[in-house]
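Two complexes are shown next, each including subunit A; its partner changes from subunit B in the first to subunit C in the second.
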Partner chain A sequence: MSKNIDIHVHHVTRVEGHGDVLLNVKDGRVEHVALNIVEAPRFFEGMLRGRAHYEVREIVSRICGICACGHALASVRASEAALGIEPSEQVVDLRKIVLAGENLSSHFLHIFFLVAPDLFGVKSVLPLATTHRDIVVRALKLKKLGNDVSDVIVGRHVHPITLDIKGFTVLPSVSALADVQKQIIEMIPEVVDTVDLIASVAGGIPDFTRETEYISLGPVSGSTEYPFYDGVIKSSEGITYYPAEYRKVTNEFIIPDSTAKHCKHLRDSYMVGALARFNNNSDLLHPEAKKAAEKLGMIAPVHNPYMITLAQLIETIHIMHDTVEIIDKIIRRGIKDEDYTYQPRAGTGSGAVEVPRGILFHHYTYDSKGRIEYADCVIPTTQNLENIDQDFRKLAPTILDKSEEEISLLLQMLVRAYDPCISCSTHQLNVRFK
Partner chain B sequence: MSKPRIAFFDFASCEGCQLEAINFVEEFLVLLGHVDIVQFREAITEAEWDIDVSFVEGSITREQDIPRLEEIRENSKVVIALGACACTGGVNAIKNTRPLEDVRADVYGDKKDWFPTFPTRPIDQVIKVDGYIYGCPIDRNDFLKNVQLILQGKMTLRHNDPVCVECRLKENECLLTLGKPCMGPITRGGCGAIDPTFGHPCTGCRGLVDDPNENAAMDVLAENGLTVEDIKSYMTIFNAFRPEDIQ
Partner chain C sequence: MGLLVVGLGNILLKDEGVGVHVVNSLRDRPLPEDVTLMDGATMGVDLLNDILESDRVIIVDSAQMDVSAGEYRTFGISEIEDGAHFPNYSLHDLTFAETIALGGIIATLPPIRIIGIQPESIEHGNELTGTLRKNFNEYVDHVHNTIMSFGKEETD
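Our next item is the complex of A and B:
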């Protein structure tokens, strides 16, 4: 077949940030296919230099409007590691709820607003507001639930207010937590219905597989918790690292002819995010989430990146049940006033947390006055970029018999499946191809 | 009468303000009944021009963004700056406080020349802006109030009363008296004093009121144990932009 194709999708829609999809085919041969990041650079690490310890969290949560709490949490964890501070059990439990709320909110946004229109064959959620109003209302309610879960502790999900190094500026009341717990319990059936709904349209998910390396947090030794907040760095290749060793995993590198930083570990590329977490830790999911996985036909390891959305849906069920249990524990124990003051000192530390799109690393060095000497943030989307390009290279040659419109849609759906957070990618920007 | 055609655009930002705009359920559905959303890349694929009201999030940080912003201006009857990055430069303007070459080298090392950038500026330094919705992020209630005004062809709220006014009305304990650095006395209100209400000092995200008494505010912060270096740093988290930086 001799076919020439020249696709340039300018600013892929229904993703966070600005990216272009490029495909050039000459005489039936793929010459070039890539996701091209065109977001304006923001230079966060450069902005942090010289900033005081109490300003850092404030600034970095502004890296991303979707994972604002995740950035704040990776930040305070890195600062605490650097400043020699150990947060209390109460603080850790409350932070887990904050992260849970954010992961819920982002996953629901992605599932309903960004991916579902493709499965229903429409351009956006707007036509669904007429044809499937009940689904849109459910989507808005579930997304709001995620925000409410975070809000009860940090005041506002975008951007968190009370969340500080060592603790919080104010603590939530037991009654506010009980109230949000009740909301979660009430909404669980809606998510179970959503599993059935998505299972019914899952036939529309493209059939494509490429085995890759999966990297996520893994459980700390002896823990049975599906790790979001606490854990070691785990590779599906059977290796684990401490968070402080994150650079052994990320290995950021620069590609000739492009200005993007990409990441790779043991294979050509690796994946982070819901599917990586599911593949690495599915045995630790809540039993109800395991049931959902069964309904959706998801058995780890799953090598189809379009299934990331299903892994997110499974995670929402896990997170809701898990959060109900954490709140139970806090209610039993009661909320205690604690001393959250600390003294700055010189030091270096790293923090790793699982945010919606995957494992996020912050790493800081402070001087003796508690001012930033060096800062580094490695964002999930940066880590996924090389994996997306590798998927493109395997996928594109197999779909050339389709129309340009269909090819373009399949490539865009693949980008959307990864739920890229391009504004977040403070490193790699302006990927430019000749 | 046809419904007003509104659009959302973003430049250097976290896109959190657009998210805040859809983060309420009932009001969002009501709003959808009154307007047609014709561009909103983060949420929808449809894209049309001939816009009545454009909400623009983000600040301008590089040459190539200027033509796109001008195109938005040419195709919109009304342009509203949405959020701190668009209104005042927001946190993006922190990079203006250090030599640009150093900032670029911190992030991109010896490849810094691959990343063209210029000093951060709010959008009204590039195009004419008809209204402002302040904050990092915007306040949902303030957004709704302003949208009502805009759809009636009125001016957006200037919010020249500082954050302290609403803070007092909420009967919060003053954080300055507790020894915390708070920008409330010189920062535009309209946020319901949300930070101090949650025990966190105001960081000035909504920009400074017209004719702020910055010296007096610095004296107050100094009384609370901050050094001049600390104060200057704190005051530039959201208010680093100075027009002379882009001359």
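Our next item is the complex of A and C:
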């Protein structure tokens, strides 16, 4: 085959970042295929140096407008590990709800606004609203629910206000929690309907398989919780690490043509995110989420990255049921005033939490006055980039017989499946063929 | 329900944040009980639920309108939809326009007034430029007058 292809997909500039998809084929042979991250480095770790312990979580929440709560949580966990602070059970439970809200909101945004148009064969959510109005109305309600869940605990869902080291500056009332619990319960049937709906169009998900390593939190010894907030680092290759050992997993390295680092562990690359969590921990899902997995034909391990969206949908059911149970527990116990004061000290610590796109690491060293000497943050999208490139290298040679438009769409759908932090722009792509 | 007044923009990009600054200044003025002031920041689709739940909406935003820096215009969404300047009317890429378009498809939008202010600079910086600072009270007065009169006359 003597086909020549030159695809360069430019991502439109938006807050969440800039990435380009490149494919060059000469005489029927793939010369280069990659997702290039062209966003300027933002130097957050440098900005943190010299900052006081009480400022850190507020600064790092600005790393992301979608995962602001996740960054704040990874931050307070790293600070607590460094400063020798153990948060109370009440604080941990409330934090789990904050994280649940953010994961719900982000998953719903991705499922309905970014991926559903592909599944229904339209270009964006606007034509989808015309042909499937009910889906879009449901999407807006569900996304709002996720936001409301976070709002009730931390004041707002973007850049949380009350979330702090050791505790909260303001605690939510039991009645506010009960209200949000009622909303969640009311919305569960809508998500179950969505599972049926997505199952009906899942045949349109591209058939592509590449085995890789899956990294996520794993349950701490003796726990039966599907871990988002608490856990060890778990590899599908059968190894676990403590969060403090995250660098043994991430092994960041630099590649040409990209301003973002790449990561690998035991294989050429690894995947983080909903599908990695599902593959590593699906036995710990809530029974209702397991039912959804069955309807969607998802049996771990799933090696098709296009199925990440289905794993996210399964997780939303788990998160909603789990959050209802956590709120039950808090209501039974009542909200107690607790002492959230602490003394800074010198120390080093790491925090790991599961945010929508995968496992997130923060790591800090404090001096004796509680000022940051060193900071390191490794975000999920960074960890997925090498995996996306490896997927591209396996996928591209197998689809060269398709039209340039189809090839471009399949590559873009793959990037979208990972829900990378450039996702806000993914349905506004301009495709330019040379 | 009631009248929602949203200031849109990024306050870290000089004049881009003028809408937020104007709406925040209104917090010092006496307003009718049914008025809700909102810092909309750079929100997109998250605004839609609030917009659809309101009876009337005023949006204050920096807007690229090809007029002199510091000038302001009041217009309705029909002008955005039909106008030749769309989609370059807002500095928020397509987010706000798409949100409004989406709202129009899935529901009946309440009457919406947009007050656009032409920026001088949208570079990094957390203060307005001199031109906009000089006219700032005029913007606040104008939005205040719009709040007081909106709904009392024929709306689009």
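Just so it is clear, the second predicted complex is superposed on the first by the 411 of 434 C-alpha atoms of A that agree within 3 Å, B and C clash if a C-alpha of one lies under 4 Å from a C-alpha of the other, contacts with A are read in each partner's own complex, and residues count from 1 in each chain.
Assume contacts are C-beta pairs under 8 Å (C-beta built on N, C-alpha and C of every residue); 3 or more make two chains touch, one makes a residue touch a chain.
All figures in this text were calculated on a predicted structure; none of them were measured in a lab.
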item	value
Touched subunit A residues, subunit B compared with subunit C	B
First, second, both or neither for A:Ile66, with subunit B first and subunit C second	first
Which superposed partner A:Ile161 touches (first subunit B, second subunit C, both, neither)	first
Touching partner for A:Asn147 - first (subunit B), second (subunit C), both, neither	both
Partner chain(s) touched by A:Thr130 [first = subunit B, second = subunit C, both, neither]	second
Which of subunit B and subunit C A:Glu45 touches, first, second, both or neither	first
Partner chain(s) touched by A:Phe113 [first = subunit B, second = subunit C, both, neither]	both
Partner chain in contact with A:Ala293 - subunit B first, subunit C second, else both or neither	neither
Common interface residues of subunit A - those touching subunit B in one complex and subunit C in the other	13-15, 65, 109, 113, 125-126, 129, 137, 140-141, 143-144, 147, 158
Subunit A partner contacts - residues on subunit B that touch it in the complex	11-20, 22-25, 28-29, 32, 37, 41-47, 58, 61-62, 65, 90-92, 94-95, 98, 102-108, 111, 114-117, 136-137, 194-195, 197-200, 203, 230, 233-234, 237
Sites on subunit A touched by subunit C in the complex	12-15, 65, 109, 113, 125-126, 129-130, 133, 136-137, 140-141, 143-144, 147, 158, 428
Of all residues in subunit C, those that touch subunit A in their complex	41-42, 45-46, 48-49, 93-95, 98, 101-102, 105-107
Complex contacts: residues of subunit A adjacent to subunit B	11, 13-18, 39-47, 49-52, 55, 58-59, 62-66, 68, 109, 113-114, 117, 123-126, 129, 137, 140-141, 143-144, 147, 154-159, 161-162, 164, 169-170, 254, 259, 423, 426-427, 429-430
